[in-house]
Amino acid sequence: MVQQARSATDIGVPDPEGIYREMLRLRHFEEKAYELFLDGHVNGTMHLGVGQEAVAAGAAATLRPDDCTLGTYRGHNHVIARGAALDASFGELFGREIGLCKGKGGSMHLTSVEHGHYGSYAIVGAHLPIACGTAWSAKLRGADSVTLCFFGDGTTNIGAFHEALNLAAVWKLPVVFICENNLYMEFTPIGEVTAVPRPAADRASAYGLKPIVIDGNDVEVVYAGIAEAVDRARRGEGPSLIEALTYRHKGHSRTDPARYRPEGELEDWMTRDPITRFVQRLQEAGWNASDLERIEREVIEEVGAAAERALASPPPPESELFTDVYCAGETSWRS
Amino acid sequence: MVQQARSATDIGVPDPEGIYREMLRLRHFEEKAYELFLDGHVNGTMHLGVGQEAVAAGAAATLRPDDCTLGTYRGHNHVIARGAALDASFGELFGREIGLCKGKGGSMHLTSVEHGHYGSYAIVGAHLPIACGTAWSAKLRGADSVTLCFFGDGTTNIGAFHEALNLAAVWKLPVVFICENNLYMEFTPIGEVTAVPRPAADRASAYGLKPIVIDGNDVEVVYAGIAEAVDRARRGEGPSLIEALTYRHKGHSRTDPARYRPEGELEDWMTRDPITRFVQRLQEAGWNASDLERIEREVIEEVGAAAERALASPPPPESELFTDVYCAGETSWRS
Amino acid sequence: MAQLMYRQAVAAAIAQEIERDPTVMLIGEDVGAGGGVFKATEGLFERFGPSRIWDTPISEQAIIGTAMGAAMTGIRPVAEIMFSDFLATCWDGIANEIAKMRYMTGGQVCMPLVIRCANGGGVHFGAQHSQAVENWAMAVPGLKVVAPSTPADVKGLLAAAIRDDDPVVFFEQKELYAQTGEVPEDEYVLPLGQANVLREGADLTLVALAGTVKTALETAERLAADVGQEAEVIDLRCLVPLDVQTVKISLAKTGRLVIVEENPRPLGWGAELTSILVEEAFDSLDAPIIRVTTEPIPLPSSPTLERLARPGVERTLEAIRRL
Amino acid sequence: MAQLMYRQAVAAAIAQEIERDPTVMLIGEDVGAGGGVFKATEGLFERFGPSRIWDTPISEQAIIGTAMGAAMTGIRPVAEIMFSDFLATCWDGIANEIAKMRYMTGGQVCMPLVIRCANGGGVHFGAQHSQAVENWAMAVPGLKVVAPSTPADVKGLLAAAIRDDDPVVFFEQKELYAQTGEVPEDEYVLPLGQANVLREGADLTLVALAGTVKTALETAERLAADVGQEAEVIDLRCLVPLDVQTVKISLAKTGRLVIVEENPRPLGWGAELTSILVEEAFDSLDAPIIRVTTEPIPLPSSPTLERLARPGVERTLEAIRRL
């Protein structure tokens, strides 16, 4: 069931301005990254989350600093929403010293443990069992922190999904699995390769879980839905599986023109753009347009300045090649 | 829902004597194998299917010679029910030249392609995707043959289960997945490690399939349930997932004393022994005890003679070491 | 002859075999309507349709298992695992089932299937999309392993792999997908297990595979220009079957051998080749066999670091100086 | 000192570390109440209960992923993958995630975990339960690899592996589980990466690991008795870190070296060792380095064939004759 946003006057998130600003930061980060990709500054590949900002921003707003998140190669939104610096995030895309991972990870592996973000994973499904582990760890350490694990609709068909969901349920782990159903796995409509209409929610009962479908483009709905699951997890009542319906405005990766989309689909979803919708909500609730525009200008400036700083950063020093393989600090495969 | 056997007078299998004889062959094969294991004739390990004969015998009776079956390390029942010779089956356990696989496979890998049995697999879950392949192949070749894939309750928690079930459903493959729920994965009660009470049936809806639970110790119920699924598959209506409730009388493998069982459990299930029950049914239907006993004596003799022939077979010749790796007939890893 | 890109040669080989043999099927993620993420199967779906080209869910275990079940029962599947790194997600199917089934059953089944994947680095995709893992496959008895370096070899060897009755893991070099070369337009099949001597020379032997063939050839040119030494360059083309004979003949002539391999140390394929040559051609060795490999680290995504990590001309020249 | 079986030494090491460090956890299939299929964890559940000993479903990917997530966040998990063959079912987690995460994140995480598994043949379990795959793990940069040959080494090296901040794949030799030996009763920890010279000799060097150590020692005795040659026997104990130095010192003395390894050819660990020695100790070599390995085939279950396939004393003696 797609839930509807709450009443028009009170905005259903704790810090509406903060959420608005966050969604804008995600959006403008991605737009800037795309521009710089076309200019040849981004190495390798890149998967943008434009259009999916409400999930990352709404989810992050439900968390404490000691909570854990894990995401995918389409993961810029999630690490930034947890608090990672924009310049370090850009820097990682550009393979620079300033990068979150010193340039060793790249666009698909943005990680900021400092902010509780335990990695972006580029092999589909791999991080779902890992999320069980961070959640299990909290339980073992007697901490009441919660793990949020983001993944796509296509990920629900891989074996690791099944193993992780079952173990989380059996061990009642404090983890919330959030499927961002953006209709496509790469170029293939998810319905063509999935035995059920709702790739995540229709599997929930296989793990004794409630099916939960939310409007992933309504940040208030996202916040409410995930907050409830996070609370449950924090109370020790076990995992949840949430399917958030959303859409990526860009292609799958790099410069994919997304020709596989039926005509009108993008346009249709653009009318449900999560930022536009939230702006409408804020305005209905009495925020004035000029304030909102000012915030957006501030964000654009912040993002631009961060990109500049990242571009000004040098590549990692050659000495970095052999560090971080083993804890001893070099490639100590021989003694 | 556990279905009940049909009315007392007409036996719900096409060839009651054949089924009776088959179940006895399976039972006495296993008992003899156990005896010879204790005498040191079986190499490595061995997993007996004593108590689970109704599933293999009932299932095999629904099949045509061109149908495919795949099973597990607990797979003696299944290959024999398809028609594999008893002496060659024993021979494989003993590592002899006469063995189904020339002694190269062992107890866990009994295979008789000649009889449509495409292997016993010893890594949990591995064969479920392979069963998709034999079913897909039939479809591609325009054959209306069907694949039956046997596995245990514990297997429902591994990733390969999920991937296979989804693909089978999406591609509407002519395959019937048969979970023999014998309550345990090795030493652990299945309920302790599974998020739902019915490890297979409670997952069916995740693949758009109907939940089907049958009494796996009633060979008539097994026959009827599987025949229906096989017909569906043959008509091109896609896969089924059947959970057959059964019990293994012996331990998990080798000489496991199965101390993890609650007291009285085995005794309770012994009262539902599939062979004893079928004997009762036959007697109720007018068969006389002396005929049934005569058949059993014949089977015991057949099994004993087969074991003797296998024991008389030599070990495989040393020249077999390097054959069968590659089709060219030797270990042609260097040219 | 046609000028084809390496990736177009993939499609050409598959098309050739699909047309020739009704049991050849392509199966994988986005191999159909999408044309493959590397465009290596572009045009096949339009040409042969969904009865021959099968798009799957993201289910590598199911892809590999399905290919195996089909191969045992009369089909010749060509399964794509998008990146060779992902072989790890279905390694049980490949290493424990496909590679062993024929042997375990005493020869009751054949396993005529091909597993294609994009292998290697140089495109800054980071540690999980850049590995060269042909050594993983080589280490599993029962598999054949092919890794072509040119568009023509792609066509000839992929066709051969599809016709072969044994399972073949076919490594396509990611970095080379856009490289062009002459490819025979007619039916074209090469034998598996024949190395290719791409350059003759009497002073030393350079052995390479797939992406490092270019490195070896460039090194040989530099060497000739700089110090007047003539290197023989051998493209192995296959790791299994391994054409030891061609390498031995060259070594007997040159007495000195350097291996350029993209597998990271330890245990790249050059280690086995070295070991075989030491055991069987010890007397030919005038100097140690040196291996130039990817460094023993996960591959970094930053181009600066990635370049340092992979075997290149400079490191190869330096190795030659150590002979 | 106590007389313990190899498998009891596993439990002893885990018990020692669980008592010492509240973050050490054991996780795996039937490791708890069941005591492990090899009885290697027997008694731990009774002693430490379900808060330290965690039974799982048959979900190898979940076991490995869970261990990884926990290791990144302050826990030291010891994960059991019952048979080393099954590493293939969770190879992505091991080779692509656990091994690379530290590097990919620029050192933001540590990965202090151990993956234990029963490795090797000799018990007639057939091709899917008998492989020696320590070479698979050695080929992945970022992993450490340990394979002890005695009960005492099991205790000392497993303790070290648990205390190590890097991920360690710990191969227990299936065939040796019931073998007994002296094991220190007090706290006992050995360093990783130190080979053990088990027998001194000046005529040749035998290098072995885990199950082949016994073969090497027996071969040395036979050699001394039969032809009066004295072989030095080195137990590597670890493949990563690899103690090349100890081997080089021995080779410098003996000039001749034979490797006895259970990995099948091609690409067993001996290949890398050979390659390193050829590159770095070429002048020490008075003869080719010969490797005695499992044959390049899936392992047959029939004892007659299995015995022929694996490296034994006879084949080692024969190799020595070829030096």
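Assorted remarks:
Chains here go by letter, A, B, C and D, matching the order in which they are written, and residues are numbered from 1 within each.
Definition applied: a contact is a pair of C-beta atoms (placed from the backbone, for glycine too) under 8 Å apart; a residue touches a chain by one contact, two chains touch by 3 or more.
If you're wondering where the values come from, they're calculated on a predicted model, not measured in any experiment.
Two chain pairs are in question, A-C and A-D; the one with more C-beta pairs in contact is A-D.
Of all chains, the one whose Cα centroid sits at the greatest distance from that of chain B is A. Averaging C-alpha coordinates per chain places the centre of chain A 36 Å away from that of chain C.
Centre-to-centre, using mean CA coordinates, chain A is 45 Å away from chain B.
Spacing of chain B relative to chain C, judged by their CA centroids, is 40 angstrom. In chain B, the residues that reach two or more other chains under the touch definition are 99, 103-105, 109, 121, 123, 126, 157-160, 163, 166, 170, 192-194, 320, 325, 331, 333.
Counting only residues that touch two or more partner chains, chain D has 56-57, 59-61, 85-86, 88-89, 92, 96, 103-104, 126-128, 141-142, 240, 242, 265-266, 295-298, 300. On the chain C side of its complex with chain B, the touching residues are 23, 25, 51, 56-57, 59-75, 77, 92-93, 96-97, 101-110, 141-142, 144, 165-166, 192-194, 238, 240-245, 276.
Residue ranges on chain C touching chain A, taken from their complex, read 29-30, 33-34, 37, 55-61, 85-86, 88-89, 123-129, 265-266, 295-298, 300-305, 308-309. Residues of chain D touching chain C in their complex: 85-86, 88-89, 91-92, 94-96, 99-100, 103-104, 126-128, 135-136, 138-139, 141-142, 239-240, 242, 263-272, 274-275, 278-280, 282, 287-291, 295-298, 300. Residues 157-163, 165-166, 169-170, 192-196, 202-203, 205-209 of chain B are the ones that touch chain A when the two sit in their complex. Residues of chain A that touch chain D in their complex: 68, 70, 99-105, 109, 111-114, 118-119, 121, 123, 126-138, 140-141, 147, 159-160, 163-164, 166-167, 170-171, 320, 323-328, 331-335.
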